[in-house]
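You will see chain A twice below: alongside chain B first, and alongside chain C after that.
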Partner chain A sequence: MIVEAGHFALILAFVFACIQIVVPLIGARRGDDALMDAGRMAALGQFAFILAAFLSLTHAFIVSDFSVAAVAANSHSAKPLLYKISGVWGNHEGSMVLWVLILALFGGAVAGLGNNLPPSLRARVLSVQGMIGAGFLAFILLTSNPFFRVNPAPVDGSGLNPILQDPGLAFHPPFLYLGYVGFSIAFSFAIAALIEGRVDAAWARWVRPWTLAAWCALTLGIALGSWWAYYELGWGGFWFWDPVENASFMPWLAGTALLHSAIVVEKRGALKSWTILLAILTFLLSLMGTFLVRSGVLTSVHAFANDPERGLFILGLLLVATVGGLGLYAMRAPTLKTGGLFAPISREGGLVLNNLLLGTGCATVLIGTLYPLVLDAFGGGKVSVGVPYFTLTFVPLMVPLLVVMGIGPLLAWKRGDLPGVLMRLRAAAMVTGIACLATILLNDGPAFAILGVTLAVWLIMGALTELADRIRLFRGPLSASLSRLIHLPRSAIAMTTAHAAMGITVLGITGSTAWQTERILIMSQGDTTEVAGYALTLEKVAQVPGPNYTAERATLQVAAGGRTITTLYPEKRRFTNPPQITTEAAIRTTLMADLYAVLGDRQEPGAGGQGKAGWTVRIYHNPLVPWIWIGTVIMVLGGLVSLTDRRHRVGAPARAQAPGRPRTA
Partner chain B sequence: MIRVATYLPLAVAAILAVVFFWALSGDRDPSRVPSPFIDKPAPALDLAALDGGPRLTKAAFAGRVSILNVFASWCLPCLAEHPFLMALAKDGKAQVFGLNYKDKPEDAKAWLAEHGNPFTRIGTDRNGRAGIEWGVYGVPETFLIGPDGRIRHKVVGPITNDQLKQLRRMIGDLGK
Partner chain C sequence: MSQSAPPRRALTAKRRRLYLLLAAGLTLAGAAALILNAFQDSLVFFLTPTELKAKAPPRERVIRIGGLVEEGSVRKAEGGLQVRFAITDLTNRVEVTYRGILPDLFREGQGVVAQGQMDADGVFAAKEVLAKHDETYMPKEVADALKKSGQWKPGQKGASGAKDGKAGAP
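After this line comes the complex of A and B, so read on.
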């Protein structure tokens, strides 16, 4: 019964979404407050019914109701509770329900919290949100019904893919979707602004917190995914330029550009058309990511629903959103008034450069991701685009970006004083120089390590200089500086935090790629090997039972300087439902470096007695790798601090009166 | 000028849409990569025989159409394709060789005794070295080798009904 009620709730949510499209749009056109308010009710209703559907599906997973096809195919009664719940979104159907739930959550938040928005803008935003919601609800109901029953019900389910049974991955999709789907609000605001024909500072201020929230969630979602890949896949790496990783990275790049260009619209009234385009593209890239993952047009570790019919439906939705969004943009953008002028060397100039580089970076990733597909489409044969392409194209674009990130925030609006700013960055430049020299002297890895460290230190020092400048540190009593710090706008602290955090992440990426030590060998019981100053001894490999698997667990004693410091237990887990083997890397972190061990296959002695029996063991020493995720988490904290900025909490400024149109309030 | 430029994103999106649409249609499988071995001479092969007889070398392929099947007793899909290999052996139009991959000889012998042995000769590849030479990335895999010693076709994964038909057709063509 609960299952059928969930299905029915989903249908009702679709009806509410349809109401949400039509009624507020008519209300906004007529200036009818009652109709516009009905849009808010519809948005809240849509959210309530999707929540009901989601809860009923979750219930089916928790009680292991195998008469539901999605549960039978993706769950198992012997699974721990956490993975029964995360199994709800560990499959195509359920993850789509989570997708629309988050979409409706954002719509509901605009309806419930958007009291400072002009009613007509809010009504149009909700209408566009309704269109997206209706499209995806129809997709679920027509092609991917999560409540489909099977008769007779199987005795037990076939289980969730074991590599997904992991806490990191349990929370990776929800955050990713919060990010992807959160950008739908930026899209809806952009479409509403194009319909109204007005983009101004107030618009930019309204759209900012939504973009920021989505960006924070997406950053965290990508970080969780890469962290999971690092410790679960056992390859010792953290980013593989897999098409699906790229699919999440492209909206991130576009969204990061959007965050910055919206500041220019807000402060200076410039870059309006570009910001609108970015808002549309960011969400379209999110949709394209959904399409790529779920249609099976590209090979990827993630491709989980290879169904052309579903792919066609999402392609249809993507097409409608693209033609609607970009078509409206093409027609209306030229009518947007361009705002304040500025010199190339200015804060705006820096932000434009930021946008150019992020935009080009995004295009580079797009080309690399789709090139195999496009080439294949034009009969060019099968190719794959791998890490070398991205190292040669994307990474060089990030070098000037990081240089400018150190300087840009110190430039004044309208017209900056570059020599003056460089003078203020003297101390930062000196520290960077010392770091550069130290790296040159100590570096035993490739030369790019020097560049990476230099850029990262420059970025951190630049961000700190900007903050010190603002609070006049060392130029007066310390107490005065502290009091300035406390009264600084939160957004300023947020920027310093996020930029410095980027520096920490860059250090982590540089350290772990440049100075990684890797050793793959066959070890017998009692063998000792040395990696980066650690002596690892294989004590034994034993069978260990787990809740829904059995594991081969190696015991590796780790000693440094003759003293045993820790024991690593890398595992190979053999799951029975479904039958699959996963590796559990054992990681010992000092926060400065990770010692990372993976247990491989048992090796038989080779023919003719050559080679020895034992286990393949892979050991990595990854310097600075934890900084990648420490940096991203601090970056997200920066975003959250920015969300609490005063200008988002107190009432937004009154909008300038539109000429020749009475204000509807 | 600006008016035209604002249509640019739409134009790019339209091209992508066409590509995506094409990618969805037909039976295109993005994970299938054509083997670089096709129409190339077979790689080196020199393996001890499972039954202790003469070693399995490339010379065995000379002059006749041959099939080399990579199998192991621990591999379930191998069992699924086993009847097709028996059928190909019964056809007698090609010699069927086995490459016993990362397997214990006693397990392999027991497995063949239980399910039947389609192979004229079996090479043992306990540590997977020959598998690397031949670009094997999973079990089972099946190579079709022409009388000139060149690889003509490769089946990745278990042989299916359709693939059996194709193999038979190709064996017929090569045998002419």
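After this line comes the complex of A and C, so read on.
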């Protein structure tokens, strides 16, 4: 009964979405407040009904109602509760319901919280949100209905893919979707602005918090995914340039560019047309990400449940959004007034360069991801574009970006004084030089480590210099500086935080790729091996039962300098529903480096008595690898701090100048 | 002063656009050069054992081979780290050597994809071995390879599987 109610709620949500498309659009055209307000009610109604549908599906998973096809195919009664719940979005149908739920959540937030928006803009934004919602609800109802029953109901379900049964992955999709779908608001705002024919500083100020929130969620989602890949897949790596990873990375790159170009619109009224285009493209890339993952056109680690017919439907939605969005842009963008002249060397100039490099970087990733698909579609043979392609194209484009990131924030708006800025950066340059020299002397890895460390230190020092400059650190009493720091606009602190955090992440990436040590060997009981100064002894391998699997668990004693410091327990888990083996790496982190052990197959002695019995063991030493995720988390914190900035707060009156720095708003 | 302002302004606007176009052009040209250069040597072609026989790609070229692990072909040496097996599309076969841990799901008679180069003796030296992700799925490429060689059995479910285990040099 609850399941049927959920199904019905989803259909009602579709009806509400259709109302949400038409009514506010007419209202905005006629200037009719009642009709425009009806759009808000429709958005809230759509959200309420999708929430009801989602909860009823969750209920079916929790009580293991195997008469529902999606539950029977993806759940099992013996699964822990957390994975019964995460199983809701661990499959295609349920994950699409989560997708529209988050879409409706954002739409509902605009309807409920957007009191400071001009009514006509809000009505049009909601209408565009309604279009996206209706498209995807139709997709769910027609091709991927999660509420279909099976008769007779199976006695038990076939289980969730065991490598998805993991806390890191339980929360990866919701955050990723919050990001993907959050960019729909930027898209809707862009389309609404094109319909209205007006883009101004106020528009940018409304778009920015939504984009920022989406960006934070996407950053966190990507970080969770890569962290999961690092400890769960047992390859010792954190990023594989896998097509589906790229599918989430491209909206991130475009979204990051959008965050920065929206600042230029807000502060200077320039780059309007470009920002609108970027907002459209960012969401189109998110849609493409959904298409790539959900259609099954890619062979990838993530291709868990998919079907080409569904792919065709999403491809259709993607086409409509592309043609509609870009078509409207082509028609209306020339009417947008340009404004805000600036010299090439200026804050705006730096942000333009940021956009150029992020945009081009995004394009290289796009080409690398789609090329195999296109070649295969035209019968050119099957190819794969691997890691070397991305190292040779994307990475060189990011080098100048990191250099400019250290300088750009110190440049003045409109016309910057480059020699002056470089003078102010001399302390930062000195520290960077020392770090560079130290790396040259100590580096025992490849030469790119020197470049990576230099860029990262430069970035961190540049960000700190900018902050120190603002609060006049060391140029007056410390208390005065501290009070300036407290009164600084939150967005300024956020920028420093996020930029410095990027430096930390770059250090992590550099360290773990350049200085990784890997050892693969066969170990018998009692064998000892040495990796990066640690002595690892295999004590035993035992059978251990788990909640819905049995594990072979190795006990590895780790000693350094003759003293036992820890014990690692890498496992190989054998699941029965569905039958599958997973590898659980054991990781010991010192925050400066990870010691990472993986248990492989049992080896019998060879036929002629040659070779010894034992287990294959793989051990990695990954220096600085935790910094990748520490950096991303700090970056997200920076984004959250910026979200609390006064000017984003609903109804906050413009305050007379902050004591820190005059603001142009 | 006030008379010369408008033309100066116009010039600045024009200049500005020029600089912008120049920067954009340079970045895009740079990126295009990088992409073309990378495509030259980092594209990896996927071949079936039959295609491998027909095309005989140059030895220095990195390629991927997909098919089934031939029954009874797996031999381990050096205490298990050095593995030798054959990949077959049930029409032709190719010998493969590999050093390292095989993925969890590597098994005789199951789908597999190997990446590496041919060596002088016509043996494929794999640097990476990818195996399919559970009992019913197999890599899309392998399913297609079997269809091509006419050995596809409808009983084998050909939904695009995922590479679960990945082993070898990163």
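Everything below uses one rule, namely that the second predicted complex is superposed on the first by the 646 of 665 C-alpha atoms of A that agree within 3 Å, B and C clash if a C-alpha of one lies under 4 Å from a C-alpha of the other, contacts with A are read in each partner's own complex, and residues count from 1 in each chain.
The working rule: a contact is a pair of C-beta atoms (placed from the backbone, for glycine too) under 8 Å apart; a residue touches a chain by one contact, two chains touch by 3 or more.
Because the structure is predicted, anything quoted here is derived from the model rather than measured.
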Just from the overlay, do chain B and chain C fit on chain A, or is there a clash? clash
Based on the superposed arrangement, let me know which partner A:413 touches: chain B (first), chain C (second), both, or neither? neither
Tell me which partner touches more residues of chain A in the superposed arrangement, chain B or chain C. C
Examine A:315 and indicate which partner it touches, taking first as chain B and second as chain C; both and neither are also allowed. first
By the touch definition at the top of the document, which applies to A:603: first (chain B), second (chain C), both, or neither? both
Look at A:448 in the shared chain and tell me whether it touches chain B only, chain C only, both, or neither; answer first, second, both or neither. neither
Which of chain B and chain C A:237 touches, first, second, both or neither: second
Check the residue A:148 against both partner chains and state whether it touches chain B (first), chain C (second), both, or neither. neither
Classify the contacts of A:326 with the two partner chains as first (chain B alone), second (chain C alone), both, or neither. first
Once chain A of both complexes is superposed, is A:352 in touch with chain B (first), chain C (second), both, or neither? second
Counting only touches as set out at the top, which of chain B and chain C does A:569 meet: first, second, both, neither? neither
For chain A, what residues appear in both contact lists, the one with chain B and the one with chain C? 296, 298-299, 382, 384, 603, 606, 611
Quick check on the complex: what are the chain A residues that touch chain B? 273, 277, 280-281, 284, 288, 291, 295-299, 308, 311-312, 315, 318-319, 322-323, 326-327, 329-331, 333-334, 370, 372-374, 376-377, 382, 384, 603-607, 611
Please give the residue numbers of chain A that touch chain C in the complex, ascending. 161, 163, 233, 235-237, 296, 298-304, 306, 341-344, 352-353, 356-357, 360-361, 363-364, 367-368, 371, 381-389, 392-393, 396-397, 520-522, 572, 578-583, 598, 600-601, 603, 606, 611-612, 614, 616, 618
Using the touch definition up top, name the residues of chain C that touch chain A in the complex. 9, 12-13, 16, 19-20, 23-24, 27-28, 30-31, 34-35, 37-39, 41-46, 64, 76-81, 100-102, 104-105, 133-135, 139-141, 144, 159-167, 170
State the interface residues of chain B toward chain A in the complex, per the touch definition above. 2-3, 6-7, 9-10, 13, 16-17, 19-25, 28, 30-34, 47-48, 102, 104, 124, 126-127, 129
